[in-house]
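First subunit A sits with subunit B, and in the next complex the same chain sits with subunit C.
Let's turn to the complex of A and B:
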């Protein structure tokens, strides 16, 4: 009976159904887009040398100078295969602030000394070198720079770039490197910031011996971050090391992710509030049109609770149908958009400021789906209580004599 | 024991700033199996009395006992239960639920009573056949004539074996032929099943069919005679 009552006024039902469908569709799409943006930020952050975890010498993060580097990372590296889950990858790095200069330009950079083979499996640089080569072993004092930096310095592969920094003896360390390759990254800021040299040569330049600034780890499953961090902290306590998760290393991204959770929920609420006026209005109209019928039902012996249940059931059927269709439309839209992603190159400058890449791949999260449907169905039922109680409050005589 | 006993019923309504006394000390006893017409001009209180007997409304003063139970002592839920189990209603109009078929309308009361589906369906089909609508079970009210709708309402009113059927101007919207057919049907149900029928009417034809006539005037019983 409730289902048939839903379709008594087809036009009105289709109008409110359309509102619910569009509302749910927008919830799913905006949620998926937000998750896609958040994913992008996290992936960018992790790929831009952060990794899922990093190991440093205790106190390094408070004062990241070269003399606070790990002096014997080999001891830590030897233990990693037994502590990390299968499929994990790691890379040892020297990372210091430096000044890069050539005849035309000079500026601050981050000098990163890496083992090319290991680093290629851990960070963006593995697939990022688009011109030249990534630190071939037979080329001494080679350097790979970002395209934006190369343009800024008006230089190219084959030319020299001088790097200056402070070594472990607190003396100025300076060395000329030959540009052997150019990399492209998601963000121009990354291309301008990082320059890559061979780990061994960085150690020589900075008089580090066998030391290293950090060990970066990428896990096969990002969900394992906290578990592995705890395991490493326990196991490496005697090695005078600190272990940091990407959330600790990228506090801005972490804060933005939390903000997205709140934003998505608020968006759902706003959409629902807008929808709820239509739901209440439609249900009230349906109730007032059928007052005599409710009087008849009461006369036949239906209790007021039965009237309430009847009206609520009609409302829930409408909401469930709208939700279902909205879900189908939303999921289809996200599927279509996620094939190639959404290209936001036109807003590249603004996106870079937020740490986002140019192509966003929307992603539906089960929790968002459950929340969107929960908001519509549960709150929809709540706002339908008023019209339902209104229907039940008429006495049989009042209802039967209604014109 | 009489089925219904009304003693000095008073009922007042407020219409705007005016207070109207619809019933002004009505006393009436209705025996089991009766076929009674409550007659009188508009405003005489017949519908009000019918509503009070059926538990749809309550008296301001006086006593109404149905099968010995004082209605004033019943809660709204108990009154609803009484209407469900003991009382059948036939109204002048808006008798049927528009989205249900004739069969489903007749089944509806049994559904509320908790009768199993198969039994509901069988009893509904049987009673519709009795009232001459066996071939129209699947039709919606909009697809039935006024007379056919009233027959479905009668079928629904008696299918659950009520103690009493209260019919408020059941022939008001029918032509004389349909009205006569309806009254004959109810008379037959009264005779065969011993269901008590109480009509509120100002239709001469209904008054002629009734075996007992109670005339109301200005909220009082002006005449009460068995024919």
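Let's turn to the complex of A and C:
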């Protein structure tokens, strides 16, 4: 019966339906886009030498200098296979601040010493080296630099670059490397910041012995971060090391993610309020047109609660139909967009300033979907209570005499 | 016309509940847009001003090419010539000289590579807010020859406090080794990690001696009277330098050229904001379209009578549009009033977004944000609402033209 009532006035129903559909569509698209932007930020952060988890010597994070390196990472590494879920990958790194210089230029960089085969599986550098090679094992004192740095230093593969940094004995260690490869990264800042050398050679240069700054771990499933972190903390408590999750290592990204949560919810509310005026008005009109009908129903013995229920059913049916269509349309647009993503490279400098990636691939999060539909249906029912009560309040006599 | 207006106004209140709901929808959209636009534009202002004050100034005169490649030998050879031009240019509030070089800075225990800036202590305070970010000790003063002000994170990394000695070592302009011994007189904290971790400020004169600058600087930084005059000052300075024959080797850059990331991120934010607002307004428009439709269809008989009495369809359309316009205008005026009230309150008291303080600080923004009312932010949103609402009202109003008097009078 409610279904038929909904279609009594087709135009009116279609109009309000359109409002609901556009509203729900925008909720889903905005939600998916924001999640896509957030995903990019997180992925970027994790790939830019963060990983899902990092192990350091205790105290390194608050004072990240070479003296505070892990002295015996091998002991930790030996225990990792038993502690990490299958499919996890890890890389041991030396990471220190350094000064890079050639004949005409000098600048601050982060010197990263890695095992190229392992590092390639953990961070962006795996697919990042576009010119030359990523530290082949037989070439000593080779270095890979970012494209932006190479441009800034007017240099190219084959040329020399001198690195200076403080070693474990607090002396300035200085060493010439030959550029063997150039990498590209999502952000110019990354290309300017990092230079990669072989782990063994970084250890020699800095007199580190078998030491390392950090162990970065990438898990097969990001959801496992907290469980694995807990397991590592308990198991490695005796090793004088500390374990951090990417959420702790990237506080700004974490803060932005929280802001996005709030923003998405606010947008849902705002769009809902905009729709609700129409929902209330349309339901009210439908009710007032049918005063006589309601009077008759009451006169025939229907309880006021029955009338409230029937008006609410109609309005809910309308909302459900609207949000159903909105969901379908929203999901379809997201699907269409996610095929290639939205390329915003033209605004690269602005994106970098805001910490965003260049290509946004929208992603639908089930929770957002549930929230959007929940807001529309639950709050929609709540605002429909007013016209429903109005309908129930007519006395039969009054209503029947109404023309 | 006056009669029409009166009729329109009365028609509006035939069904007060419905009209009030529609008014509320229009007002809601207007309030939201006034507030949000004031918020956005206000935050851009804060952002630009903060960045300009702490970093770039409104304008900089540099050697051509220095902005792209900050190499020590790309210098403004004769800063006094630029100063003479600036002295004669209207709209210049203050100017200062800066030089900078990437160098190794060592304390007793540690060594870091940092950006060393030479500042003119007397002039710098008139141009930038770096002096206000000093949290411990004091800023450089005119008498200092060996003072250094370092970022808080850098001080922590170097393990130095006030009074401690630092050695600066780098490459001088002529390729020789530059060295200076400084004492920490102040520690600054701007909230932006990049600055706090990687910048050391020292007196310009000491810098020039150590780095063999021979009196040259890297940038003449200008603060204009306000943001609006930047373009004209830029043109005037560039023109005067050209007349002096110095336009080949010198470039006059405004803050937009100096901070392209800031400008683009503002554009990005503005564009996404506009998309959101349009979606919102469209939802509101559909949400109230029914009211307009009903207002026409329940009065089919009435219109039939009007037409039978000789009212032209065009006049009926006009009357209906007038009704809609009166409704929309009322809603918008209410919305603007409430929106201005709301915004003015927050403009006075500011808004603190919980948990965002550190995030905002990275962009040089204070934790307490203030929306800012302006003619643009107050009028733009409601104007869009009005246009879209009136477009919406056009559809039912035009339907009236299709009515045939006789059939219309028979309609229920």
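The criterion applied here is as follows: the second predicted complex is superposed on the first by the 403 of 403 C-alpha atoms of A that agree within 3 Å, B and C clash if a C-alpha of one lies under 4 Å from a C-alpha of the other, contacts with A are read in each partner's own complex, and residues count from 1 in each chain.
Quick note on the criterion: contacts are C-beta pairs under 8 Å (C-beta built on N, C-alpha and C of every residue); 3 or more make two chains touch, one makes a residue touch a chain.
Since this is a predicted model, take the numbers as computed values, not measurements.
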item: Partner chain in contact with A:303 - subunit B first, subunit C second, else both or neither; value: first
item: Touched partner set for A:365, first subunit B, second subunit C, both or neither; value: neither
item: Greater residue coverage of subunit A in the superposed arrangement, subunit B or subunit C; value: C
item: Partner chain(s) touched by A:396 [first = subunit B, second = subunit C, both, neither]; value: first
item: First, second, both or neither for A:267, with subunit B first and subunit C second; value: second
item: Partner chain(s) touched by A:258 [first = subunit B, second = subunit C, both, neither]; value: second
item: Partner chain(s) touched by A:292 [first = subunit B, second = subunit C, both, neither]; value: first
item: Partner chain(s) touched by A:22 [first = subunit B, second = subunit C, both, neither]; value: second
item: Interface residues of subunit A shared between complexes with subunit B and subunit C; value: none
item: Sites on subunit A touched by subunit C in the complex; value: 11-12, 15-16, 18-19, 22-23, 26, 30, 63, 65, 97-99, 101, 104-109, 152, 164-166, 170, 172, 251-252, 255-256, 258-259, 267, 270-271, 273-282, 284-285, 344, 347-354
item: Interface residues, subunit A side, partner subunit B - complex; value: 1, 4-5, 8, 292-293, 296-304, 306, 395-397, 400
item: Complex contacts: residues of subunit B adjacent to subunit A; value: 51, 54, 56-57, 76-77, 80-85, 87, 89, 91, 94-95, 97-100, 104, 108-109, 112-113, 156
item: Touch list for subunit C against partner subunit A, complex; value: 17-18, 21-22, 24-25, 28-29, 32, 69, 71, 102-104, 109-115, 156-157, 170-171, 198, 260-269, 276, 279-280, 282-284, 286-291, 293-294, 353, 355-356, 358-359, 362
